[in-house]
C-alpha cells in the first residue's frame, strides 16, 4: 500500500500523538480546578490580553505556577466562577445587584469616548445631540453643524458592558437605538469608523488615543465639554467611565489571592497602561 | 483468516466508521435542542417569528425572522456566484490549461480554502466595505457579505468539481474526441454532466460553509437586525447573532440564541435533504 | 486526463475558452489581492525571531513559536481522528453499500447536515461535549477532536469521489482472480483512491487551519508553549483574530501571522499532495 518509508513516518507520527496524549493525561487529569499550582481565569475578551500579560509576568516570578486565561465574555466569567470552572472571573464592568453573592476586585478603569473620522470637523457633542443621533432623530451631519452627509451610527452589540455603560449614561433603552452598523469588539468599531468619513461610534478612550497615535484616521470628541483623554479619566472629570473587575465566588485560594494582589499592585501599572486602561490607586 | 472472515471484519469496521460519522450530527442537534428548550417553553415559537429582536431591552423581543432572511439571502447569493465560477475553474484546469498552470491553480484554490475566516473578514472590512461605501452608506451590507462568502466557498466548489471531473472515465472522453466534438462541447456537454454527482456534492459542501460561516459575515454585514430592502442594506445573519451575543447573554437570552441556532440547523437540514434527492444516480 | 484531449485544439473554443481563462486569471488575481493586501501590512514584522520567540505584550512584541506548535498539534489530533474514520466511512459509502440502501442514505444526509453546522455551534458543542462532559477541559485534544468533527464531511466526500474514479475493470479483474473483497480494497482500491483522499486532506487541513470560533471555546486562548496534548493552546487563527480585533495596535502582527499561516498551509498541502501522488503511483495503478 504505502511504501515502507511513508508507512513508517505515518506510524511514528501516530505513536508520537498517542504518547503525548497519555503523557498529558497523567498530570492533566488532576488539575481540573484550582490547585496550588494552577489557576484558571475566564471572562471578558476586552481585559483578557491584559490579564494574560499579567499572568505571564507572575509566572516568570513564580516558577512551577500556571495561570491559564480563557475568554468567552463577561457572562461566561460570572457563570464559570459560580460553577467552580474558573478560580477568578474577568468582567469588563462593575458587579450588578444580582451578583451580590460574588466578590469583586477592581483592576482598572476605562473611559468610553465617542469617536468620529479624523476628517470630521466636529470636536464636541452635547448630551442631547448624542441621544438624537443614536435614536435616529438626527440623520445628517449638517444638523450638527458639520459638513453635509449621512451619519453612519456605529453601536455595540447588546449585552456588552461598553454598550450598557453608554446607554445607561444617556438614559436610553436598547430598543430605542437605531444603529447603522452593530459591532462586536473594540477594534471592529475603530476600523468601521476609520473607513467611513460619515461614521460615529464609541470605544474605550485608551484604544481611541492609541489608534490615533498609530495613524488610524479617527479622533475622540468631547462630551458636553469634557475632553476625552486618559488624563481626564484618571482625574475623574470624564463622566463616561466603567470599571474592569476581577471576580471570585467566596474566599480566594492562596494562589488566586497572590495573583489578585499582584494585579492590583503598583508593579502592574505599566501593564495596565500598556493596554491603554487607567490604573486605580 | 479465510477471505470471507476478512471481508466480514472489514465491512464491520467500515460500518463502525460510518456510524460514528453520522452519530456526530445527532449529538450536535441534541445538544442544541437541549439548550434551546427553556426558551421554546417560556417564550413560545410564535414570538420568535413575530417579535423584534431586543433581548436586553425593558420589553424583551426575540424575533429572528430578519436574521433568517439575511442568512438565506447571503448564502443563496454566494452559491449563485460561486457555482459557475468554481465549475469554470475546474473545466479550465482539465481542458484548457497547460499542465503547470492547472497545478498552480489547484494549489491556489487549496490555499484560498485555508485562509482563516477572520482574514477574509478583515480584508472585507478594510478593503471591500470602503469600496462599497462609495455606492451607499454604510458599506457593511448584504452585498459585502455575499461577496466575501463567495470568495470563501469558491475553492470548495472548484476543488470538488476538479476531483469529479477527474473521475469521468477516460473512455467516455475518448469517445467524444473520436466523434470530433469540439472542446467546449466535450467539457460542457459530456464531462460536466458525467461529473454531476460530485459537482453537486461540492455545491452542497460549499453551501454548508456559507450558511455556517460566522466570523467573516460578522465583520462585514453590519449586524443590524432589519429586513433588507436593497443589497446595500446592513443585515445580521443567525450565526453572527449567536457569536455577537453569546458571550454576554444570561439565561433566557442565551436560550433564545440557541433557538436561533436550532432554527438554522433545521433550515439547513431541509435544504440538505432536498439536495440529496436532486443528486440522483451514481454513474451517468 | 489523456494528453491528446488536453493539447490545444482551437476549433470551436471561442466563448467558453474566454470565460474559463477569465475565471482562472480572476482567481489568481483575487488570491494576490487578498494575500498581497494583508501581506503588505504585515511583512515588516516578519523575522526569524518572530518564529522562535514567545509572544510578549499581548502579542505586539515577541514571536509566535508556542502558537505554531499548538496549531501543529491541534492539526495532528484532528487528522489522526478524521482520516481513519473518514476513509472508512468513504469506503463504505463507495464500495460496500448499495447506493439506495438505508445506511448509505442516512450517512450521506447526516454528512450533508454536518457540513452546514455553524462554526460557533461547533465551538459551543465542543466545549460542552469534549471539555466538560468528557472532562478534557480547554485543551489541544478538545480542539483537535472538535475540528475532526468539522472536517469529516469534507474528507469523506472527497475520498468517496476518489473511490468512484477507480475503473470497474480493476474490481472485476480482482474478483476474477479470486481476491477477497478485503484484499481488493486494501491493495488495489485504496491506493488508487488516494488522489481523492489528497483533495479531502487539503480541504480538511484548510478548513481546520481557517477555523476560529470553534477553537476559541475548545483549545482556548493560552499562548504558552504546550507541554502535552491536554494543555490549552492558542491556534494561529485565534492569534490573528485577537491581534486584529481585540488588541489595540496589533494589526501589523496579525497580518504577519497571517502570512506565516499561508506558508504553513502551502507546506501542509504540498506534503499531503506528495504523499498521496507518490503512494498511488508506487502502487502501480496510475
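As written, the chain order gives the labels A, B and C, with residue 1 at the start of each chain.
Simple rule for what comes next: a residue touches a chain if its C-beta (ideal position, glycine included) is under 8 Å from a C-beta of that chain, and two chains touch if they have at least 3 such contacts.
Keep in mind the model is a prediction, meaning the values are calculated, not measured.
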Comparison of A-B and A-C by number of C-beta pairs in contact, larger one: A-C
If you average the CA coordinates per chain, which chain's centre is most distant from that of chain B? A
Chain B to chain C, mean C-alpha position gap in Å, rounds to 16
Rounded to the nearest Å, the gap between Cα centres of chain A and chain C is 32
Multi-chain contacts in chain A: which residues touch at least two other chains? 45, 71-72, 184, 188
Mark out which residues of chain C touch at least two other chains, giving numbers and ranges. 244-245
What are the residues of chain B that contact at least two other chains? 219, 243, 246
Complex contacts: residues of chain B adjacent to chain C: 3-4, 6-7, 9-11, 13-22, 24-29, 31-32, 85, 88-89, 91-97, 99, 101, 104-105, 107-120, 122-123, 127, 151, 154-156, 158-160, 162-167, 169-170, 173-174, 177, 182-188, 198, 201, 204-205, 207-209, 211-215, 219, 238-239, 242-243, 246, 261, 264-265, 268-269, 271-273, 275-276, 281-282
Would you tell me which residues of chain A are touching chain C in their complex? 1-3, 6, 13-14, 17, 20-21, 23-25, 27-29, 32, 40, 45-46, 48-50, 52-53, 56, 59, 66, 68-72, 85, 184-188, 190, 206-207, 210-211, 214, 274-276
Over in the complex, which chain B residues touch chain A? Could you list them? 52, 54-59, 61, 125-126, 129-130, 133, 137-140, 218-219, 222-224, 234, 236, 243-250, 253-254
Touching residues of chain A toward chain B in the complex: what are they? 45, 71-76, 150, 152, 157-161, 173-175, 179-184, 188, 191-192, 195-196, 198-199
Can you name the residues of chain C that touch chain B in the complex? 1-2, 4-6, 9, 11-17, 19-21, 23-24, 26-28, 30-31, 34-35, 37-38, 84-89, 91-93, 96, 99, 103, 105-122, 124-125, 128-129, 149, 152-154, 156-158, 161-162, 164-165, 167, 179-183, 185, 195-196, 199, 202-203, 205-207, 209-213, 236-237, 240-241, 244-245, 254, 258, 261-262, 265-266, 269-270
